[in-house]
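Starting off with a structure, shown below.
By written order: A, B, C, D, E and F. Residues from 1 in each chain.
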Amino acid sequence: MIELTDIAYVRSGAADLDTAVRFAVDVVGMELTAQEDGVAYLRADQRHHCLALVGGESGVISSGFLVRDEDALAAAETELEKAGIAVARGDAKAARSRRVRDFIAFDDPFGNRVDLAIDQVTLTAPVHGGRAAGITEFGHLCLDAPDVREAYRFWNGHFNARVSDWIGDWACLMRIDPVHHKLAVFQGSQPGLCHINFQVGSLDDVMRNWHFLEANGVEIEMGPGRHPQSTAVFVYFKGPEGITYEYSWGVRLITDEDAWRPRYFDPAEPGSIDMWQGPTRRVHTQPQIRRPLGQS
Amino acid sequence: MIELTDIAYVRSGAADLDTAVRFAVDVVGMELTAQEDGVAYLRADQRHHCLALVGGESGVISSGFLVRDEDALAAAETELEKAGIAVARGDAKAARSRRVRDFIAFDDPFGNRVDLAIDQVTLTAPVHGGRAAGITEFGHLCLDAPDVREAYRFWNGHFNARVSDWIGDWACLMRIDPVHHKLAVFQGSQPGLCHINFQVGSLDDVMRNWHFLEANGVEIEMGPGRHPQSTAVFVYFKGPEGITYEYSWGVRLITDEDAWRPRYFDPAEPGSIDMWQGPTRRVHTQPQIRRPLGQS
Amino acid sequence: MIELTDIAYVRSGAADLDTAVRFAVDVVGMELTAQEDGVAYLRADQRHHCLALVGGESGVISSGFLVRDEDALAAAETELEKAGIAVARGDAKAARSRRVRDFIAFDDPFGNRVDLAIDQVTLTAPVHGGRAAGITEFGHLCLDAPDVREAYRFWNGHFNARVSDWIGDWACLMRIDPVHHKLAVFQGSQPGLCHINFQVGSLDDVMRNWHFLEANGVEIEMGPGRHPQSTAVFVYFKGPEGITYEYSWGVRLITDEDAWRPRYFDPAEPGSIDMWQGPTRRVHTQPQIRRPLGQS
Amino acid sequence: MIELTDIAYVRSGAADLDTAVRFAVDVVGMELTAQEDGVAYLRADQRHHCLALVGGESGVISSGFLVRDEDALAAAETELEKAGIAVARGDAKAARSRRVRDFIAFDDPFGNRVDLAIDQVTLTAPVHGGRAAGITEFGHLCLDAPDVREAYRFWNGHFNARVSDWIGDWACLMRIDPVHHKLAVFQGSQPGLCHINFQVGSLDDVMRNWHFLEANGVEIEMGPGRHPQSTAVFVYFKGPEGITYEYSWGVRLITDEDAWRPRYFDPAEPGSIDMWQGPTRRVHTQPQIRRPLGQS
Amino acid sequence: MIELTDIAYVRSGAADLDTAVRFAVDVVGMELTAQEDGVAYLRADQRHHCLALVGGESGVISSGFLVRDEDALAAAETELEKAGIAVARGDAKAARSRRVRDFIAFDDPFGNRVDLAIDQVTLTAPVHGGRAAGITEFGHLCLDAPDVREAYRFWNGHFNARVSDWIGDWACLMRIDPVHHKLAVFQGSQPGLCHINFQVGSLDDVMRNWHFLEANGVEIEMGPGRHPQSTAVFVYFKGPEGITYEYSWGVRLITDEDAWRPRYFDPAEPGSIDMWQGPTRRVHTQPQIRRPLGQS
Amino acid sequence: MIELTDIAYVRSGAADLDTAVRFAVDVVGMELTAQEDGVAYLRADQRHHCLALVGGESGVISSGFLVRDEDALAAAETELEKAGIAVARGDAKAARSRRVRDFIAFDDPFGNRVDLAIDQVTLTAPVHGGRAAGITEFGHLCLDAPDVREAYRFWNGHFNARVSDWIGDWACLMRIDPVHHKLAVFQGSQPGLCHINFQVGSLDDVMRNWHFLEANGVEIEMGPGRHPQSTAVFVYFKGPEGITYEYSWGVRLITDEDAWRPRYFDPAEPGSIDMWQGPTRRVHTQPQIRRPLGQS
């Protein structure tokens, strides 16, 4: 079993890099850490970056997770290959571009490109975002798959991902540490990044951001609302290049692994997506860019 | 100084009593305690009622407060008369109709009719409202006055009302116990009941009620939002007979009287009414019915 | 006795307003709230501003304190005039420019211009400073006087200022609430603003700011060090127009008024200014601009 | 009533200054702060010194207490003079020699010379004593008087000294703050300093010091034992120039003034001096040097 | 796996023993426990000594660690020998000189001489250092190795050393108990003692010591600063014989072994060595003296 | 491994039974539970007795420990016999005389006779000792052996005894529950009972007993002092028949088995026996009476 120790980053291609960066800084409220070799690095917490915007083709390039150390990385490589999954070791340049010491890449059974990395660079300076959005942490990422049960079998079969709750056949919410979910899979016909989540420091931040987005003409996709699964208050909105961002606050921590029982919510029942029973809709997924494995 | 020990009720005339009661029960979520002699009694907590709807002319009849006992009531009568304010002692029938043992009535300098009562009936049965709106308590009432500073001088000069915060010349929020405000005065050209507030048990109740109201075609006047003064999350909506109802949750308690410093918020600054910076507007005031003092 | 409820602002003239504002935002890390009529408003906390930079003659214009309400303001006016101190009531335009509802102005016996105001505007939006300096609050202000004992007699005689500690004849540190000092008087031959203090959120903020200032060529006047009186870790630095700014963290709260005994530190003993025993020097004072009282 | 805010120092003449200083540092474990003009200053805590050894005639010169400020000092001067007690204001040189800003001197009715001072210098450096004796604080001082009841009438009549406990006619233990006693009067035929007390940090310090003193040939006068009045574990020993020193640990704090009832212990009963019932004896008193009041 | 229960001592050769001892006592603030057979024993806590200065050739002789008991020592000997590492059992004289009951010695793969010992002598007297430096404990020791990853494999492969954090390829910080690191390995071309660390009791001690060192002409090698890994505030300075000493305060305790994730800091990023972002430099390493294993 | 659940009693022969009993009651302060068949039973806590004085030959007869139940007793018998140690099952009369349900007896490798028993009688009446000595519990017992390391191997090899601390080759202090030691072995040429320990309720009890013993002509063997290992304050004294008694207070509890590291104290260092550094000496051991195993 491969132990994911944390989520690391999303790497995404931007056809109009400047607009995408401006939105990430001025609207989302992230900090631009660095910009070099056509890549803009955006941070939200002590990670060097959690979003790397790569000038070029639009679409998600890969989703990065961490494993503990070199031995764990080598063991993961072996385990995946034994399971018949093609794995490519990243070269030094690609690793440097991700600000990790080493990584491997593979595609999940649905075509989502995943990086497993070690030693993501930690920054010590306080984050100074583009506005007072109240972001405290890169919270989780969500991928699409046509069959969320099958996706669960993949992530739970090879990794330490445990289901926290089910929303029918629409979504599987999985944890790799006490946070209710750091990895979610939503039902979608094609692989892609469903959304990238940022935790904010208070209810007020979510609600203030909601009005800020409206006042600035940003498309609110859903919310404000509250997920009954994680108890997180959320708002989803759509940025350039088709990336869906989410702010949320109040996510549940599952501190007693043994006591937790995954629950099942029927999406047809009112309140299963938003316990406040506001209008809900499927948010937009940024499609996966399909490239050969060895190519960064 | 007259010590108000609590707020007691709002008494309001309804031209279409049935519709008003149905709204209070089915939409607001109160419980119909009793209906007799053309008066419908609605409760939200252990008070016998906090809203009495009286069939007949539409408009607020009086706002009721409690004082400690008969001596306090007599002393209040004397103090008000000495200040040149006409006071009428309520008769037994009127007292019975208010479910209090005794009361006096007077008009504040702006024409708002006020009852000071003793011994309001307490009910012990759990409240069973018309729907699961989450109401826990009759929270506060708000009156209109053309000059909120003058209103403050009246309430602070004769009563134990202390200002908790100012919103420019728009509003004076006053406490008579640790709750941030149980009596508010909003600027308005005519006397009347600006709104009647109900506390609910959770953030979720406010938000779920918001969507319920929208789904049921009720006019949302303001919110959801959060008042920076009381920190209460609110939603205001308009019922029959022009009554504005408010749900709120999370009101601030001022437990250290000495340490509290009233603050001043400029209504022209963003966030001074709603710290989430959502759209704000003046809610509708139900006008005061003007009747001779001795008339119930 | 006049009860000061808090410090409100420093109002200071800037010959080169743009440079002064850029320094306040980009170096000190404040937020520019508004700029109008030749005045730049800078905030560090929920106050509308704590520093107003007024284009024109360089020097401190006035130091603002708050009293509770209109009655307190009127009483203060009377008390000061009885003591033979000339007092001028601010006009509406001057009050508006200070973002207060009303104020009076007077000169202390040494020529420092002081405003006593009511109802300073409170803002609700989170502060978004020009950089991550970690500022949490406008902490205190310090004035100069040729005789600190005489200054103490003035402030303690007419106001609720209590001495917290003495540094020989060099400084008198006074509190008006539990904070060790919100008003300090340093020995100086001419009236003026010795320094304006900002609290930061952690030791790390003080120290990181120290190196940031050095790296940006700002003159460090003293520190990093720790005052044995307030236990605050400090760094003093000099900004445009001769304003000395101070960052500090860890100020002592005096919560038991009766138990506190003011202490006496001999400036000739090592560690009496900086208990870490680093080098110390007199920081620069921005001179008081002398104008007729009625002039804003 | 004169409010003593603390004890300040003992000033004592030493015929053989070098020996006395070496004992205070190497045996008692104090730190030599400074030595100038024939005076050796010894500290045990944040006070500049609590023992000043003055080369010359052997015997106690004065015992110093603090009052709050100049006004308190002037008021004390007036009160004592009204009571017919001769008072001398210290000159600048004498004040400097005591490291206080100002002081007055008088003799109690029994001939003990007392200084009342303001603004004793506080040092900020950690104390580094001559050995690890564990001293944490100058604890109390004890004077002799032929009639302890009369002494109480003097100290309680003019000062804020309250009796904490009586030991028959042998001793009156008085507090001026929560510490059980900071001033004690023991029965003795002549005025003098009965002993000077140092608090140590633990029981172990008292006991280790006891054996250290024995091993170094110091005369143990009493103890180790435990006073039932203050619950302090003690050891008394005799130093050069006839000074009796005491180490103690575990002194009782009287935090509820209203609840405390002074108790009476009969010295003839076992355990009244030492609740462990070890052997007890009268410790040696250093006689008061008699000099004209105005002479430092 | 060999379980190290603690660090024990550093043994270092001093060409000018007197100067080295005087520095350790008068500047560093340690206590000279004993001096015999050409060895000076210096203590900082309850250990008999943590630094033994041996007159003769300059350079580090060995670094001592503890294992639980004789059986553990014998098992360690066997395990190391099985791994092809030469091990020598110390003779009685060498053990006595180290104040342990028994020990074995070996060289790590890079040439650092290590002692594994049992039953280091514990002293009970309070430490009385040469000055009030505030030292509370021998904190950690740091060795050099050309490849810190290889060093980690050695210490983690044979011992209970777990990595707490990485600083790129510059440093591996390892714990053997809850303290963030008691053993560090820094990249260096030759074996040697990079530095010896002493914990002090407060932030003030670090900072006061910094100025004390400067005032006494001691070379500050780095700091004051704060390591983001351990959160310890530090100052490094250079003593005689090329020993680098470190004072630090506030080291992180890792109390939940399972939850801790080693982090990776890129030394090229600002703040990775000193989160206050002060200037950093490589401290001086005292080279390892190379002697045959059996020779004490 | 045999799990000792507690210590039970010491059984000791007294040539002058009356004198020994009178001492135990009147001086030590125990309660005489019963006296029958030439055996005097003395209690200190809820145990029926912890000291049985048997009229006849002077010397220790056996030291009793408890195991959990009959199965544990049978298993212990088997384990000891397998190890080549002769074991005798006690008969009913002998068991009754010990107030246990059953027991086995054996000699340790040094000749100390040990009983392992089950179901020692518990008494419920409050203990009423012969005087107010403050005894709360039978604390521990100490045996002699010529080689304490060998003794440790015996007790740790066959029983759940863990070393808590070493005093060189003089003593091994072992725990069988959280109490620092309930079984100690001191170096002595012959088997015997080194001392029997009683816990008292306070420091004051130890010290008052010390003076009481002195006043009554009892030989103080050591103390008062404090053991740095257990932190217990002690006094040792010699009773009739050569029994050494110990009072102590403040024994350390080891509640975290994993975190405890046995320490090593060199008896040649000052303070290793008595951290107060008072005079120390070897206390007197009551020799073991040598009788055939089957004989009670």
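Following the convention adopted for this analysis, a contact is a pair of C-beta atoms (placed from the backbone, for glycine too) under 8 Å apart; a residue touches a chain by one contact, two chains touch by 3 or more.
Keep in mind it's a predicted model, so treat the numbers as computed, not measured.
In summary, the chains found to touch both chain A and chain E are C. As for how the two copies chain D and chain F face one another, over half of their interface residue numbers coincide. The most distant chain from chain C is F, comparing centres defined as mean Cα coordinates. As a whole-number value, the distance joining the C-alpha centres of chain C and chain E reads 47 Å. A separation of 43 Å divides the Cα centre of chain B from that of chain C.
With centres set at the average Cα position, the gap from chain C to chain F is 71 Å. Contacts with at least two other chains are made by residues 275, 277 of chain F. Interface note: chains touch in the pairs A-B, A-C, A-E, B-C, C-D, C-E, D-E, D-F, E-F. Chain contact summary for the complex, chain E toward chain C: residues 203-204, 207-208, 210-212, 215, 224-226, 233, 275-278.
The residues of chain C lying in touch with chain B in their complex are 5-6, 48, 66, 68-69, 99, 101, 118-125.
For chain C in complex with chain D, the touching residues are 163, 166, 228, 261-266, 269-272, 275, 277. Across the complex, chain A meets chain C through its residues 125-128, 131-132, 134, 205, 208.
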